[in-house]
Amino acid sequence: MEKDFIVQLDRISVSFDQEEVLNNFSLDIRDEEFVTLLGPSGCGKTTTLRVIGGFLMPDSGRVLFNGRDITSIPPYRREVNTVFQKYALFTHLNVYDNVAFGLRIKKKPESEIKKEVTEMLNLVGLSGFETRKTSAMSGGQQQRVAIARALVNHPKILLLDEPLGALDLKLRKEMQVELKRIQQSLNITFVYVTHDQEEALTMSDTVVVMNNGIIQQIGSPIDIYNEPKNAFVADFIGESNILPGIMHRDFTVSFAGKEFICVDKGFKPDEYIDVVVRPEDIKIGDYKTAQLSGVVKSTVFKGVHYEMVIDQGGFEWLVQSTLSEEPGTLVGMNIGPDDIHIMHRNGLDGEVDEVV
Amino acid sequence: MFKAKAVSVPYLIWMAIFIIAPLVLVGIFALTDAEGSFTIENLSGIGRFTPVFARSIWLAAIATAICLLIAFPMAFAISRMSERRQNLFLMLVMLPMWMNFLLRTYAWMSLLENNGLINRFFGLFGIGPFQMINTQGAVVLGMVYNYLPFMILPLYSVMTKIDNSVIEAAQDLGASNGKVFSKVIIPLAVPGITTGITMVFVPSISTFIISRMLGGGGNLLIGDLIEMQFLGNSYNPHLGSAMALVLMVIVLFTMSITSSIDSEELEDMLI
Amino acid sequence: MTRSTKSSRAYLYVVFTFLYLPIFVLIFFSFNKSKSRNLFTGFTLDWYRQLFQNEMILRALVVTLAVAAIASVCATILGTAAAIGIQGMKRWSRFTVMNFTYIPVINPEVVTGVSMLLLFTSLRYFLNFNMGFGTLLIAHITFNVPYVILSVNPKFRQLDNSLYEAALDLGCNPTQAFFKVILPQIMPGITTGFLMALTYSIDDFVISYFTSGTSQTLSIAVYSMTRRKVSPEINALSTLIFAAVLTILLIMNFKDIRSENSKSGLKKKGAERI
C-alpha cells in the first residue's frame, strides 16, 4: 500500500567552513517506514538527520513535513523527537523525570504524565526503574531511557543517531530487534542513522546508502545487498570481490580472464563494467574442472566459516567456505550465474532524486 | 550550541575597571613623578634597593627548594595510600591552610622567641638560648610553614595519576628503587613540580607579613618595601608602583621559566 | 616493602608534627592563666570570655562575614554569567578574556592590593567616597570572580552539547533549556566556585589591608593585635577558628563518604538487577 510522504527534503545544501556536506540533496520519506541512512563517517547522514530535527538550518533548500514547509521552525516546535548518539540523558534527573521532561514542558497534568511515563517505561522494559539515577544504569538501559524519553511525546517521526554505537555486540543485536518491535507496535516513522551495514539490513524497510553527501542507492535491504548499483555500495554493504569486466552481450560477461553466464541484460555491447561477487557465493571445487583456479594464500577460521584469500592470476579473491584449505594448495572456484552482479562503471555520482 | 555572549558584558565591564585599569595605573604611576610628568627615575631609583630584591629572591628560592624537598616524598607517600586514607591525609595537609596565615605565623613567633618554647626545650639540656626570631632563617621557616601545602597538593595530584603498574614495569625492567624515582617518578611529576614551584615562590617573594613578624625590622623583603610606599611612613606611590612593576616582571619571568620547562618536557614525552 | 612503608609513615608523622605542633601550642596556651606564651600556669577560660567582650573583634567578625557573604554571592552571579558568555565566544576573544581573568589569580596579592588602592585613590579625585566597606567589597568581588569562572568553565567543557539539543528536541525553548538543563549541569562548578570565593574572602588579609580604609576585617584585627600587645585572646580566637574549620571539614568529609557509599551501593544494586 502506498503511503504519503511525511518528510521531504528538497534540494538541501549544507556546508561547514566552506566544505560542502550536502549539495542539492533531496530525499522523500514515507510515513510509518523504518528508513536507515547508511554510509561511512563524513558522508552527510548525521547532517541530514540534524536538518530533519531542526538543529541545523540548511544554507538552501526546503524541509517539508506533511507537505508543510518547516525549514525555519525551531526543533522545539517540530513533531519530531531524537534519540541522541550518546543518549544525552539529563544526569541531574532520575529515570522518571527524564522521561517526563517533554510532557512537563508541555504542561500536561501530572496524573496524565504518570500514566504516560509508566506506559512508556513498560514498553521499553524499564518498569520499576523510575527512581534510578541514569548514571547508575548500564549502556543498554540508558539507551532505553533515551528511547522512552523521546517516544513519550508521541512524535510523528523518531530520529535515531547511531544509537547503538556504544553498546557491545550482544546487546546491540538485542536492541536491534527491540527497536524494530517498538517501531512496528507504534506505527511511526523511524529515521535511523548508522555506519553499520548489518544493522541497516536487519531493521530497515528502506536503506539509503550515502557517500560524500550523495545518495548512492535507495532500496529494500534485499535489493541493496543483492543488486548493488555501484562499486561503492557493493563494497560498503558487506565484503565483496569487485573486479573489472566486459559485458559482451546480454547474459554473457567476461572477467578474470574467463567468460561467464550471468542473469543481467540491457547493457551496450562490449560495455566496460564492474563485477561484484560475494565471498560466500564462491564455491570451492576441484581446480581441474572449476571455472577459475588459484593458490590459497591464507586461511582464517571465523567461527561459522573459514575465510580464505586465493590468488588467481594476480587478483586476490576473498572466499568464505565451510571447508578449509591449507595455504599453498591449488584450488578451483565456481560462481553461479545468479551470484554475478554487474554494475555500471562509476556508478551513480550525479544527482539522485529518488523516491524511497 | 548554546550561546549567550551578552551575559558576560557585566563581567567584561567589571574586568576593565577593576582588573585592567588598576594595572594600567600602576604602569602610569611607575613612569611619572608627583607632578605627573614622565620620568624613569622611579625605575632607576630601585637600584638602591638591590640588596632587598636580592634577599627576597634568595630567601624565596631557599624556601621553595626546602618545600620541594619536604613535599616530594610526602606527596608520593600519600599518593600510594588507599583512596580513603588519601582523602584523610589530604584533609590533614589542607586543614592548617584554612587557618588564617597571620595566626599560623603568630604561632611561630611565640615558639621562636628567645625565651620561647624551643629555647626552653634547649635549656633543659643546658644549651642555648639561640637567637632564632628576627633572623633570615625564621623568615624562611615561616615561608616553608605557610606555603608547604601549595607544594604538596600539585605534586600529589600528578603523582596520584601515576599507576602502580608503571612503577612495577620499571622494576620489572631492572630499575632499582633509586632509578625508578629518578627515571620514572620525577619525570612524570614535572608538571606538578613546576606548578608547586610557582605556587610557593610567588607568595614567598611577595610576602610582607612573614618577614615583618618573624624577621623583625632587619630582614625587609620586596613586599615590605612596596607596602611602606603606600601605607607606611615613606609614602611614595610612584616608587611603590615601580617596585610593584619589577615584582610582576620577576613573577612573570619565573612563570615563563617553569612553564617552558613544562612544555619542553611535554615535547620530550611526545617524542 | 614493610620497611619502606614504616619509614614513609615515620616521615609523614614528622612533617605533620611540623604542620600541627605550632597550632596545638597556640591552642594549648589559650587556656593559660597567665599572659605568658611559654609558661603554663593554670587552666582558665578567661581569654575566651574577654574575646567575646572585645568589641573590635566582634565588629571585625561581622564585617568579615558580611563582606565574604555579599562578595561571594556577587562574584558567583557575575562569574557564572561571565563563564556562560565566554564559552560562546570565538577562540581568540575567549583566550584574551581568560588571560585577563587569570591576572588576579597569578599576580602577587600585594600587587593586586596596591593596584586597587591606586584605583580607589585616583577615583577619589572625581568621585566623593571614602575607602571602607564599599571598596573592600569591590576588591573582594574582583579577586573572587576568577575563581568562580575557573570552576564553572570546566563544567562547560564537560557539558555534552547534545544535552542542550535534547532539551530543544523535547520542547524547551532556549531559555527553558538553559534553566532546566544547562544550569543544573553546571551547578556543581558554581557551588565549588561559591565555596572557594567564600573561603578566600574570609581568609584574605593582604588585599583587604590595602583596600579596607576605615573598616576592619578579622584578619586585619588579628594583624593589629599581633603588632600592638601580646594577648592570649589571639590564641583563643585561633582555637575557635581551628575548631570551626575542623568541624566544617569533618562534615564535608562525612557527606562525601556517605554519598560515595550510596553511589557504590546503587551500583551494586544495579549490578544485581542486571
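We call the chains A, B and C, going by the order they appear; numbering starts again at 1 in every chain.
In the analysis below, a contact is a pair of C-beta atoms (placed from the backbone, for glycine too) under 8 Å apart; a residue touches a chain by one contact, two chains touch by 3 or more.
Here the structure is a predicted model, which means the values were calculated and not measured.
Think of the whole protein's Cα atoms as having one middle point; the chain whose own Cα middle lies nearest to it is C. More C-beta pairs in contact connect the chains of B-C than those of the other pair, out of A-C and B-C. Measuring from the averaged C-alpha position of subunit A to that of subunit B gives a distance of 60 Å.
Centre-to-centre spacing of subunit A and subunit C amounts to 54 Å, using the average Cα coordinate of each chain. Note on chain placement: the centre of subunit B and the centre of subunit C lie 18 Å apart, centres being C-alpha means. Residue ranges of subunit B in contact with subunit C, taken from their complex: 1-12, 14-15, 17-23, 25-26, 29, 70, 73-74, 77-78, 84, 87-89, 91-96, 98-104, 106-111, 113, 115-117, 120, 145, 148, 198, 202-203, 205-209, 213, 223, 226-227, 230-231, 237, 240-241, 244, 247-248, 251, 255. Across the complex, subunit C meets subunit B through its residues 8-9, 11-12, 15-16, 18-20, 22-23, 25-26, 29, 37-38, 78-79, 81-86, 88-89, 97, 100-101, 103-104, 106-112, 114-119, 121-122, 138-139, 141-142, 145, 149, 161, 164, 174, 177-178, 182, 199, 203, 205-206, 209-210, 218-219, 222-223, 226, 234, 237-238, 241-242, 245-246, 249, 253, 256-257. Listed in rising order, the residues of subunit A touching subunit C in the complex are 53-55, 74-76, 80-82, 84-86, 88, 90-93, 101-102, 105-106, 132-133, 136-138, 141, 149-150, 153.
Touching subunit A in their complex are the following residues of subunit C: 160, 162-163, 165-173, 176, 180-181, 184-185, 187, 263, 266-267, 270, 274.
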